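Next come two complexes built around chain A: one with chain B, the other with chain C.
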Partner chain A sequence: MKMLAMDTSTLVMGIAVLHLEEKRVLGELTTNLHKNHSVRLMPALDQLLGDLELNMSDIQALAVSAGPGSYTGIRIGVTTAKTMSWALGLPLYSESSLTVLAMNGLRFDGVVVPLFDARRRRVYSGVYRREGERMVEQIPQQVVEVDLWLEQIAELNQPALFLGDDVVRFEEVIRRRLGEKARFGTAAENIPRASQLGMLCRHKWANHEPPEHADFSPNYLQMTEAEANWIKKQGNGETSHAQKS
Partner chain B sequence: MREACSFITKNERETRELARRIARLLDRGAVLALEGDLGAGKTTFAQGMAEELGIEQPVDSPTFTIVKEYEGKLPFYHMDVYRVDSPEEELGLEEYFYGEGICLVEWASRIEPILPEDTLWFHLKVEPNGTRRILITSTHSRAIRLCKELQTT
Partner chain C sequence: MVLGIETSCDETSAAVVKGGTRLLSNVISSQMDVHRKFGGVVPEVASRRHVERITLIMQKALEQAGVSIKDLDAIAVTQGPGLVGALLIGVSAAKALSFATGIPLVGVHHIAGHIYANHLVKPLEFPLVALVVSGGHTELIYMEGHNRYERLGRTRDDAAGEAFDKVARLMNLPYPGGPHIDRLAAQGNPGYDLPRAWLEADSLDFSFSGLKSAVMNLIHNASQRNEAIREADLAASFQEAVLDVLVEKSLRAVKRTGVKRLVLAGGVSANSGLRVRLHQRCAQEQIELLIPPLELCTDNAAMIASAGTYQYLDGNFAELSLNAEPNLSLV
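For the complex of A and B:
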């Protein structure tokens, strides 16, 4: 049984084909440059399947990153995967894009912190630790103000591996807050891999977890109520820039 | 909020020409908030900017789609956020604001908390004699720089 995995939730576009019973990655394609995923995703799938001498009829399951990340990117992947799932009658599995990235730190002795920039000094992130062959959340993924986030990580008092291409934007503040405890991924470790997405979804398949339903939708990561209220307060004119005209 | 400068335009052609001059001075990632009553010239202003950015498609209202994307010399994102109920709606507008193009946002005050700090605010007002006053404000030095450049070009 073969699974086709796709991830377009960040600047990275990744696709992979896995053999589920044999637990093998048959092929993988990753780019990390252009954000034209909507134009390239289908031709790239076609290309990879062609290189592997496979047809869509050889694929029995699908996997997709559910987010968080780029809203536009997430929608492209989720819409494509859902459409294929519905049209071909294939089960669709999904996994968090942060968990997928955290997998690159599986061998790290400490906690792993995948991170995407959410703008306005906030990040999408979670704290992960190893459990068998998977990474599980120690502090749940969330969208959070970066300084508050680093406070929480500092309290763990463990080496923390930060992963993701956006980490460099926060490297200074991370080093200042965590000092020697802070570690940083290599360029290759900073790239989420569709093969990791596939392996995580393979795990769900192997454990007979039910696939997604027709109402499956992206996980943009909801703002906390506190943050939503804070934004509302800002909107009520306390530091408002809007001019009444 | 400081008023950086203001301009008077006597007719549509002049509003359009001012928008073209402004467009010429914008860099990638510029976010413009456009406020003004119905008929004040918001669409004319948007069309002028689009022309200058080399966009050949007709520019019309994005009211129903919220965002319209155009490809020109720079990507041009024309938004109307009137239908956005609250800033925390999960639309991902930040991707446009911090992106590679020019954003022109109508009804921007509805989502002000999520706009970048260096947003340039444009207020189009109909004067009693029918001319339009176009007021440029911002809390950021970007507006002052733009005004200086507009006054010397």
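For the complex of A and C:
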């Protein structure tokens, strides 16, 4: 059985085909460009499958990155994967894009901290540790102010490997806060790999975990600004009401 | 048999149309309730809802039509114009479906869809002039045949529907404001003096921003003088100012092109004042008038499937690199 995996949650566009029983990566295509995933995803799938001399009818399972990351990017991947799943009756598995990136630090002796810039001095991140051939969350993924986040990581008092192309924007403050404990990924380690996504989802498949449903949605890790503002307004309204009574 | 997909704004819709004219299903999931509390469509909220609903809606459209994916000849999707994030959901879904199944894909212009909503009621006869009025568009289009569009005029600023919504907001009416103004206008008299932008003598373009400013000034001046606004009268005056221009310019377009048919399209087609006025004027001038039923006036995928059918028949297929085009032009 073969699985098609796709990740469009950051600037990196990755697709991979895996052989599930043989636990092998048959092919992988990765780019890291400021270019439109919407335009390039389908032609890239076409190319990779063509190189492997496969058709969509040779694919038996799908995997997609659920986010966090670029809102538009994640939606392109999730919509594409969901539609294929429905059209071909294939099971769809998903995994956090942070977990996918954390896999690049599997061999690191310490904790692994994948990170995407969430703007306004905030990051999407989580702290991961190794469990067998997978990375699992030690501190759950979240969107968090970078200074608060580094406080939490410092408390662990362990070597911490920071992964992702956005890390460089925070390198100085990370070094200042964590000193010797801070380590940084190589250029290759900073790129999430669709093959890692595929292997993580292969694990779910092998464990007979239930696949995603048709109403599956990305995990944005935060509500929209409009909703947050609306809730804030409602909250204020309630307080003033409470004060009156 | 064509599957249509439409996600350009706040409606997630999928539909199956047979032979371009026979509507087999038209599933529309409206987000109106979600956006009402924000007083307008929030793009990010809309995109999130689209991605959640899209697969279920396509599934439902096929179920209701009683067909399966392999019965489809083509997939037609709104390529633009619209909100880019919202459009991308439909485009991504359509491309994935086309790639997975090998069924050809066509990218449809949203306004072409609105015009073809009429085709589902009574087959279009050419040549014709179409007045397309919605929250995003105000255009006069000349069509010589299927897939052949020529623009005669367009708004230079606000769309007519946008003007309705903005004025409704000035009057503190709930979102979406268009229907509220229409309802109030029916109870009032157009006693307030508001401007009509006719532009250059031969122009078939529109402009509604001046009218909106005039309403704003009127409300402002009244509140300065502590005078109450006669709400129904203001609604009637505003609506009449919009309709005067829409109706007269449409008739000018019909006369200038020498056609015998006028087609109304877009969300503002639901405005009862506009329907009545156009009926009267077209009857006077012996022009055949086509107005879609209310459920086909607002955004829906059946109209996209219908328009897409003729692009499919023309062999006008989209590539796998098809992208959402928020400012796509019809001509």
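Going forward, the second predicted complex is superposed on the first by the 222 of 245 C-alpha atoms of A that agree within 3 Å, B and C clash if a C-alpha of one lies under 4 Å from a C-alpha of the other, contacts with A are read in each partner's own complex, and residues count from 1 in each chain.
Quick note on the criterion: contacts are C-beta pairs under 8 Å (C-beta built on N, C-alpha and C of every residue); 3 or more make two chains touch, one makes a residue touch a chain.
Please read all numbers here as calculations on a predicted model, not as lab measurements.
Chemist: Hey, is it chain B or chain C that touches more of chain A?
Modeler: C
Chemist: Taking the superposition on A as described, I'd like to know which of chain B and chain C A:80 touches: first, second, both or neither.
Modeler: So A:80 only meets chain C here.
Chemist: Let me test your reading of the model: by the given contact rule, A:72 touches which partner, first (chain B), second (chain C), both or neither?
Modeler: In the superposed model, A:72 contacts both chain B and chain C.
Chemist: What is the contact status of A:88 with respect to chain B (first) and chain C (second): first, second, both, or neither?
Modeler: Only chain C; A:88 stays clear of chain B.
Chemist: Quick one: is A:193 in contact with chain B, with chain C, with both, or with neither? Answer first, second, both or neither.
Modeler: neither
Chemist: Report for A:220: first if it touches chain B alone, second if chain C alone, otherwise both or neither.
Modeler: both
Chemist: Does the superposition put A:43 against chain B (first), chain C (second), both, or neither?
Modeler: Second partner only.
Chemist: Is A:183 contacted by the first partner chain B, the second partner chain C, both or neither?
Modeler: Neither partner.
Chemist: Let me check the overlay on chain A: which residues of chain A are in contact with chain B and also with chain C?
Modeler: The overlap between the chain B and chain C interfaces on chain A comprises residues 71-72, 220, 227.
Chemist: Would you tell me which residues of chain A are touching chain B in their complex?
Modeler: Interface residues on the chain A side: 70-72, 118-120, 220, 222-223, 227-228, 231-232, 234-235, 240-243, 245.
Chemist: Which chain A residues qualify as touching chain C in the complex?
Modeler: By the definition above, chain A touches chain C via 36, 38-43, 45-46, 56, 71-72, 75-76, 78-88, 214-215, 217-218, 220, 224-227, 230.
Chemist: Chain A touches which residues of chain C in the complex?
Modeler: For chain C paired with chain A, touching residues are 37-38, 42, 44-45, 47-48, 51-56, 58-59, 69, 84-85, 88-89, 91-93, 95-97, 99-101, 320-321, 323-324.
Chemist: Which residues of chain B touch chain A once you look at their complex with the stated criterion?
Modeler: 1, 35-36, 86-88, 90-92, 94-95, 97-98, 109, 112-115, 119, 121, 123, 125, 135, 137-139
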